[in-house]
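For reference, the structure I am asking about is given below.
Chain naming follows the written order as A, B, C and D, and within any one chain the residues start at number 1.
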Amino acid sequence: MSLSNARIKALVRRWKIEVPSWAFGDGGTRFKVFRQKGAARNLREKLQDAAIVHQLTGATPSVAVHALWDFADMSPDEARDYARESGLSLGAVNPTLFEQPEYRFGSIGSPEKAARDKALAHLLDCVEIMARVRSRALSVWLADGTNHPGQDDLRARRRRVAEALKIVHDALAPDMTLLLEYKLFEPAFYSTDVPDWGAAYLLCKACGPRASVLVDLGHHAQGVNIEQIVATLADERMLGGFHFNSRKYADDDLTTGSLNPHELFLIFNELVAAGGGKGLYPAAYVIDQSHNVEPKIEAMILSVMNLQAMYARALRVDRAALREAQRRRDVLGAERVLQAAYESDVAPLLAEMRREDGLPPDPFEAYRRSDYARKIERERT
Amino acid sequence: MSLSNARIKALVRRWKIEVPSWAFGDGGTRFKVFRQKGAARNLREKLQDAAIVHQLTGATPSVAVHALWDFADMSPDEARDYARESGLSLGAVNPTLFEQPEYRFGSIGSPEKAARDKALAHLLDCVEIMARVRSRALSVWLADGTNHPGQDDLRARRRRVAEALKIVHDALAPDMTLLLEYKLFEPAFYSTDVPDWGAAYLLCKACGPRASVLVDLGHHAQGVNIEQIVATLADERMLGGFHFNSRKYADDDLTTGSLNPHELFLIFNELVAAGGGKGLYPAAYVIDQSHNVEPKIEAMILSVMNLQAMYARALRVDRAALREAQRRRDVLGAERVLQAAYESDVAPLLAEMRREDGLPPDPFEAYRRSDYARKIERERT
Amino acid sequence: MSLSNARIKALVRRWKIEVPSWAFGDGGTRFKVFRQKGAARNLREKLQDAAIVHQLTGATPSVAVHALWDFADMSPDEARDYARESGLSLGAVNPTLFEQPEYRFGSIGSPEKAARDKALAHLLDCVEIMARVRSRALSVWLADGTNHPGQDDLRARRRRVAEALKIVHDALAPDMTLLLEYKLFEPAFYSTDVPDWGAAYLLCKACGPRASVLVDLGHHAQGVNIEQIVATLADERMLGGFHFNSRKYADDDLTTGSLNPHELFLIFNELVAAGGGKGLYPAAYVIDQSHNVEPKIEAMILSVMNLQAMYARALRVDRAALREAQRRRDVLGAERVLQAAYESDVAPLLAEMRREDGLPPDPFEAYRRSDYARKIERERT
Amino acid sequence: MSLSNARIKALVRRWKIEVPSWAFGDGGTRFKVFRQKGAARNLREKLQDAAIVHQLTGATPSVAVHALWDFADMSPDEARDYARESGLSLGAVNPTLFEQPEYRFGSIGSPEKAARDKALAHLLDCVEIMARVRSRALSVWLADGTNHPGQDDLRARRRRVAEALKIVHDALAPDMTLLLEYKLFEPAFYSTDVPDWGAAYLLCKACGPRASVLVDLGHHAQGVNIEQIVATLADERMLGGFHFNSRKYADDDLTTGSLNPHELFLIFNELVAAGGGKGLYPAAYVIDQSHNVEPKIEAMILSVMNLQAMYARALRVDRAALREAQRRRDVLGAERVLQAAYESDVAPLLAEMRREDGLPPDPFEAYRRSDYARKIERERT
């Protein structure tokens, strides 16, 4: 038997998704950043946009921040207070370790001591910021790697990364976590210092108990079974969190759920299974996207809705029936149990849940009916 | 029997490679453009850098230009004259159809008439520029595509592209060619309007006799046999040219020959085979790279040297022995014929060729010994 | 506005899917063929199994046959009559060009004249068989290719294939078609003679009006946009048909719709769009799967149900709303139109359709409740 | 400065490569096993073929065996003695855990206790065989996995595998090792129980000190940097060995070095670097190939020669110059150090080494001139 609708609503309602400040500002490809009218120009505006997403969905009370980008105009203390006034809190602090010329050959993986020192100092600054903004997660993505065979010693790079991460880890307060992201390629094209989950796992283990792995859905080679990685990391208690997005070939950072939503469902299926009946496996659930041709706030709301729907579908899986089919080696019966949940229409249930919570049943349409978009287009020029 | 060394030298000597103006200026990834000291800031400086490459290699007398980028400070007439004074000519004209806000949804594939009109006008301007700079190749790469399923009608996009290309094709003088590039993905992530060689072929056929397909080595899905595409296009007399570079996963635009050089050799093997004993199949051979962490002029010289070496190796293939092994179904014997040529050391032969031509035997080292790099670092600040 | 439910039911009802005889017999991987109790051992038993699929789904009145495998024990005339008695007809005739030792280096692409002659004779035999069994489609898949660079001349192979296909094409009666399949790799690993849709397209064009391209969903490189290929081929009126199945990495031949069903939906969306309001684009719709761990008849029924559901979803797309969203450049609005159709629950509608047709509302469950599986397990030993 | 030629010869001479018994028998794809005249039909004949490879190359004194296949006609004791008489020893023992019907749902990962018990018993038998044949390596590849989402519990499968491997590990004598292979896909298509190096690493760590990871060059997703995995495993002292072969897209099992030999060079470059100046990192170096269209013994000799050449090239890397270029951030200078070694002609040096050892300078040609092939074609019918 599946969970009751009431239980599903309760679990979905309880689940909080973090949105990234950077998705509200202009982003793009290496060929072009298309400016959008009304795109947020600073943290204040990003928090305003995040607040509207939360007001409409009730699901996104925290905002991940990017250390250098977000605290240019606003101190961490101001940011924390402004977030609180907006009904939000600040979430994961993301160091920015790829934009300055010193990082040409990497940050903490660089062969240049000056680069490593600068990067390490920035990471430790981020820990300071975390304390100030009451954030509990340091979310580390390294652009480090090489473009040419021979450019650097691959083992030396790994050791440098390990050494710095250990220092950062040890500087964290006991209730803080270090989330380490891996990525197959880009912006380094020949080798990436943390290329896959195995590499991230080993680095985290070497750090200590406060480090765990963050899975970004766009960071894998084609053909990789991501839900199996998720299951493995959860089984090892080393799954720290997610960066949600969607992709076709590379790290496309498209709206979550827009391509191969079935894969997303299978990931949630593992997360629910690993949650042991108490909802999702506990981790940092963060959206990480880049909106080029579509309106940013709409895309964020849609992503949140897609995530909630996928979670609800995973909760609809009749786990007793699934286990029974597995027990009987009923391969297709088991698949049909998943299929029934995946294909079930959860929109009415989620609309009901939102209504009960005083939220618009379709937050996307509610946003469109609001005049927020027109307002920011007018005001932010 | 392989060709004689004299014949190989003669053929390599005769082969001219085009260098791209844009590789001498700063480029980068979506995360960061690293500024290099001494990087060319305008067409004049790019032509200076191209001239030094040609002086040292004797192999790169022409320079591909990017329409909007290169004629900002210099008119086509001035550019043509300045190139000539520098011992160069201008080569393929590349329209720039992805940077302006109108192109948010594409250029000639856009659903917006204003965008299509602007793009078509720019393409026709490029034909004008070609006449002015004595260029015979219009090299068209479209960034057009979609990021979301449903965003646009895929068949309509294709027809719009076909319609515009036909107009441009018909505007070309009889000795001009339209080279159409295809690309799997990026910057559009869900669909690309000209995604593969088949799509490019059909569009070219619909244009007429002056259109043919351009192969960029970084624009294929993983696992695709590029040399077979080259052989097929050559067999159909629809192979218009190349954009040379190297890649590991996506369109990495690394130095030609730096990764999987054996694949490059196999491509040259097909080009020599299709050349019917008279050297390479006639086409536009152009380098297209983006140098992020390595010095740009050095990288260009190295790419030219790698290309010449690969051509020389392909000329070393004992084609009679290969045919004979194939005739006897001697699979490994045939492979060994290719292997012998691939593994043969062609550096001495190419050094000799260069000496005979009054060139430095190792252009890369000669460049390093020159004070050109220091000079431009000093002067271009 | 979407189509009415009545219209959707009428269109789905009218759509006929062909099942492959070979999926009812034992198949496997290169490591192991697992024998299934009750698996069909000859064409008679395959037709019995196909008949039960058609009885339960009402959707699969024809059966694709494999020339050598299926006519070992039964002549074409007997097969045709037995099929008719079973309420079926025979569909596409598939030549078998890869099993005999002569085909070591290929069939019609082989450098060995004896192999080519044998293969051509077999293909012409297949045309004879088509006449006898009243089949209108010759469905050609070539295992031809090479494993080693240099093993054969790639252009020569292509010409040999073209020459033979032309002869076969010209031997077809006017109402017969030649469907040409392409495949990236396997069983040849270095090069495949018809590796992609572009290659298949050119070969078909060279044959004449009765040749068109067949798309097998498992035959593409990773990251390729298959629905765009479908749209292109349909637009060129060169889409001849499909081999349906599902895959994760290579040509896995899994149950249709079991992985990335959203991609299948997007393909149907293009087929409905290309159908111009009259249902699917007209083509040969054939399932091609290999069932290793799951019961074969169940897997086939499930595949048929998944295909019908996907077609129904594609018919649910509100095309006027989609066009309007596209017209307004409402990227996310357009995506939501597709999403609404994809996520809509079509099971009740299809159950209703089946009931109206005197069919079981859930053919999969009906099969399980029948004693057919037990019967064949008992009888076929 | 590079190593002296004398030193390079000494190191290459000392390096021993293991050949697989199974490559001398007939193999194939799922579509067809092409029988070769003279292919070995049993272990005796496989050992005869391996002996000729060793006689001609002097490099392959041991033969990996496949437990069920190889001891059908010959007991382990007889095999050990026969190998010794042939100038060989038996190497890694490979369990055969995929052919029997019990393994339909896996072996030690199966949900069926009977299958797990049978598989575990077979693994423990293999340990017995190892003692008998004086083998020190148990080389475990699992075909285990699932084809359908939901078919089994992914975490449960992992735990079952871990449990059995631990028992096997603990049954090993102190000087024995368990080598665990990973593989992305095939023959399971949805999930594989040991899909990547990270999964293999964790399982080995859980086993204990005698378990380490085996890298098969054909078992990775496209785009993965294999040399970096090798460097990481070596750095962690968890690199147990290799299965050498070559591939274009999947696990093609082609002749080692035939495709992308540069990647193989970069792997050897890491192995030499990790060897700390004393030659290669110590591990089990085993060839694992399947020869379909080429003569098997020739293909094996060519693979051995390609491996030796690649090792020699890696030894030619001027490591001091490489380090110096890296120290100066001379990206292209560093790459040129590798390139110089990769492009250097090592054939004369290896021919000299072989002559000094009383071996034919070109073992491949020597084999062709011998009448061994004709002899076995005559005798094995």
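Assume a contact is a pair of C-beta atoms (placed from the backbone, for glycine too) under 8 Å apart; a residue touches a chain by one contact, two chains touch by 3 or more.
Quantities reported herein were computed from a predicted structural model and do not represent experimental measurements.
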Distance in touch steps, counted as few as possible, from chain B out to chain D: 1
Contact-richer chain pair (by C-beta pairs counted) among A-D and A-C: A-D
Whole-Å gap between the CA centroids of chain A and chain C: 39
Two or more partner chains touched - positions in chain B: 105, 147-149, 151, 184-185, 190, 221-223, 225, 248-249, 255, 258-259, 293-294, 331-332, 335
Interfacial residue positions of chain C with respect to chain B in the complex: 105, 111-112, 147-155, 158-159, 184-185, 190-192, 195-199, 201-202, 220-225, 227-228, 231-232, 234-236, 266, 269-270, 273-274, 322-323, 325-327, 329, 331-332, 334-335, 337-338
Chain B partner contacts - residues on chain A that touch it in the complex: 27-32, 34-35, 98-99, 101, 103-105, 143, 146-149, 151, 184-187, 189-190, 221-222, 247-250, 252, 254-255, 258-259, 292-294
For the chain D and chain B complex, residues of the former touching the latter: 222-223, 225, 248-249, 255, 258-263, 293-295, 298-299, 302, 309, 331-332, 335-336, 343-345, 347, 364
